[in-house]
Amino acid sequence: MIRKEVANVKDALAGVTNNMTLMLGGFGLSGIPENAIAELVQLNVTNLTCISNNAGVDDFGLGLLLQKKQIKKMVSSYVGENEEFERQMLSGELAVELIPQGTLAERCRAAQAGFPAIYTPAGYGTEVAEGKETREFNGKMYVLEYAFKADFAFVKAWKGDTAGNLIFKGTARNFNPCMCGAAKITVAEVEELVPAGTLNPNEIHIPGIFVQRIFQGAKYEKRIEQRTVRQKS
Amino acid sequence: MIRKEVANVKDALAGVTNNMTLMLGGFGLSGIPENAIAELVQLNVTNLTCISNNAGVDDFGLGLLLQKKQIKKMVSSYVGENEEFERQMLSGELAVELIPQGTLAERCRAAQAGFPAIYTPAGYGTEVAEGKETREFNGKMYVLEYAFKADFAFVKAWKGDTAGNLIFKGTARNFNPCMCGAAKITVAEVEELVPAGTLNPNEIHIPGIFVQRIFQGAKYEKRIEQRTVRQKS
Amino acid sequence: MALDKIGIAKRIAKEVKDGYYVNLGIGIPTLVANYVPESINVEFQSENGVLGMGPFPFEGEEDADIINAGKQTITTLPGASFFDSAMSFAMIRGQHVQLTILGAMEVAENGDIANWKIPGKMVKGMGGAMDLVASAENIIVAMMHTNRAGASKLLKRCSLPLTGVGCVKKIVTNLAVLEVTPDGFQLLERAPGVSVEEIQAATEGNLIVTGTIPEMEL
Amino acid sequence: MALDKIGIAKRIAKEVKDGYYVNLGIGIPTLVANYVPESINVEFQSENGVLGMGPFPFEGEEDADIINAGKQTITTLPGASFFDSAMSFAMIRGQHVQLTILGAMEVAENGDIANWKIPGKMVKGMGGAMDLVASAENIIVAMMHTNRAGASKLLKRCSLPLTGVGCVKKIVTNLAVLEVTPDGFQLLERAPGVSVEEIQAATEGNLIVTGTIPEMEL
């Protein structure tokens, strides 16, 4: 068995430097690699290109890096209600490549699975397709989109084992599996790290071969963006 | 909840006719849709095009349809030790399109996921790529391969629920998940059919949206091709 | 009288057919789930990775790991499943989701839609909307007929950056139900008490009125 | 003395490094697993959908649902996982598997390999071999130096339909260890007691002999 566990978040992020391209899992604040993000703030690396569906909120998630101006460019599908993100984008301080959410997922998967590029219908006829190659198949138009190239991928899982196998929970799964193995080094943080052999091989979402380093994360805040509830009648 | 269960294999195969293109899951004899294959023999439909990694063995799996000359064309990656398959192919009775295993899997996934075609390096420079479009990306050559178009996909899972959700077991998973939703109608047979709500939503391999009909299979033989064992010392 | 948001949601709920998998956008579309009759079996997909969405959780039972694409805490119903973003968009791109309901800033008479950006002013991002409109076979737009300044949102051509081209099939607004046809917006139904003239006045694109236009039934 | 199949497997086992994920083809390559030292951590991938393969099961514990790509019943080790065919080839195509060991009918001095078809006579199919050789960064061929008729399998050009072009890096036969270089087959090691002349006589392709060629250590 090939062991992937590292002692802590510091060891997990060894080698991260300025100017790198990073992938970060999560949708909104759900399933984001909280420990890795906190460490990126600590390391104070700058000029980063971040591939992540969102950029957190003003004071959490990738928003923390935006506030410190550590990010040069975001590749995302959604800005939403993140005011600092929108402000930096409109002022031109931050380069932003907005792409369709499914394209984002599949450009990650292409990198993971060794595909150089994919044809997707998303964005055809819009400014997203400007300057890109397009092509007709069976009477429908598609846009050629390339696999991402990234230095590190930071993902967050629910459970993981020392062989790097991962299991995600609920919709905190989102982009995390697609990013595993899609960068030169994939770092997984988990809520519970167990010995190899503990997880059922049939229930593993991402095999350890896609993960280079794994560690037990600490103090998960797991903030909720929109707390919607109903009353018991 | 959208209900997918049908009473039996007859109802599950309603609409299958001569000249259709069928996808069938399984690797060797592991994870093959035994009940659907038996019913195809019963129905005596002919002139079939079958997309399946293998064609069973002489007297089991798709070999049963080969013996009855129900198959016009096989799209597979491996003939192996199936003598009747090899005989019909070499004599020209059977049209055969042999393609790389990973290409087979991904042409299924392309159909499932709405991609018209993919670029894969497999087969470049070989007769598999003859007449096909090729293209260089980052100094490496790729072959353009198209998504399959099939009428029915027959897959076999371990457990399933009435909403069509599927869980596979061990290496009997193989091509089955990739074929779900890759044909106009996907028929899943399962060893154990349970009420919706029984399976953990986090452990489902294929969501029911990719399955149109599901039924509890009967009398699984699950034949072993190469029984290899070691002695207890 | 023009409909409110709930009225629009109620009218759209009637478009949902038995056996449909449905993706609901943020805003008015999310409300549609509340008005689908119980006699109809549907499942709601949210592109962040869940099929079989249920109602909001009871207070105290919220789970940060179980949300919808609007980042709202949700529950799941029997038969639900969770999956990753690649598989979620496989469902959408592969046309396994039968109906997409989403909001819009503008719709053009040729079916173009714009809903993600106002250059220099506002950028929300397209999220999953570009994938949804590029792939869905059946797209219904839920929106107000006019914007806050009173200008029509049903146009000859969209002025804002597009989300998708020629894709919208039907529009339900506070004033009317309209179908996108090769000749323009075919008026199908009026909101209760709203006249054809009022609808015409609020529609910049070509409005086609054929025969008597019935009132919506809600 | 020329090696037997076990000898070839033993020599190849020395090419397996700590931390490698390895895909083993059918035949001699499968035997390699038995000779990797316990001090080295490796995991074996089988393209039908398992990582972390273990030894054959004890008699009576075979499971038809747990096999390798050779259709043999197997077991799994702690840390193993099962996955579908698309993910399996994602591992291979995405170069996450560090080493591929497979058999061949012919290898050419430029690294071409043929191992799936003899036109008009025999067609086994390529299985996963074309994906493996098109993607793996490190490919070792395990085979006999000559075929049953005594003809060389290390050729100037392959005569059979190719499996992949210019992809083989190293060859271990019953006679020798060779590296594929721009100029041809560089002889690295001789089987114990086998002379350079014997190897030369059994090699049709360009054989490069530089200095003294050591005997293999097994």
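A, B, C and D label the chains in the order they appear, each numbered from 1.
The criterion applied here is as follows: contacts are C-beta pairs under 8 Å (C-beta built on N, C-alpha and C of every residue); 3 or more make two chains touch, one makes a residue touch a chain.
Computed from a predicted model, the values in this text were never measured in an experiment.
> Measuring between Cα centroids, which chain is at the maximum distance from chain D?
Taking each chain's C-alpha mean as its centre, the farthest from chain D is C.
> Using CA atom averages as chain centres, what separation in Å is found between chain A and chain C?
Comparing mean C-alpha positions, chain C is 28 Å from chain A.
> Would you kindly tell me how far, in whole Å, the mean C-alpha position of chain D lies from that of chain C?
The answer is 56 Å.
> When the centre of a chain is set as the mean of its C-alpha atoms, what distance in Å lies between chain A and chain B?
33
> Compute the distance, rounded to whole Å, between the mean C-alpha positions of chain A and chain D.
36
> Scan chain D for residues touching two or more other chains and write them down.
50, 82-83, 86, 89, 92-93, 135
> What residues in chain B touch two or more of the other chains?
Those would be 109, 114-115, 120-121, 168-170, 201-202.
> For the protein chains shown, what form does their contact graph take: line, ring, star, complete or other?
other
> Applying that definition of touch, give me each pair of chains that meets it.
Touch list across chains, by label: A-B, A-C, A-D, B-C, B-D.
> In the complex of these two chains, what residues of chain A are touching chain B?
Residues 114-121, 137-138, 140, 142, 167-170, 201-203.
> Can you list the chain D residues touching chain A in their complex?
Residues of chain D touching chain A: 19, 21, 41-43, 45, 50-52, 76-83, 86-87, 89-97, 135.
> Which part of chain A faces chain C closely enough to touch in the complex?
27-31, 53, 76-80, 86, 89-90, 96, 98-106, 108-109, 120-128, 158, 168-178, 205, 222-232
> Give the list of chain B residues in touch with chain C in this complex.
Within the complex, chain B contacts chain C at residues 1-3, 109, 111-115, 161-163, 165, 181, 195-197, 201-202, 204, 207-210.
> Once bound in the complex, which stretches of chain D touch chain B?
By the definition above, chain D touches chain B via 46-50, 55-74, 82-86, 88-89, 92-93, 112, 116-117, 120-131, 134-135, 161-166.
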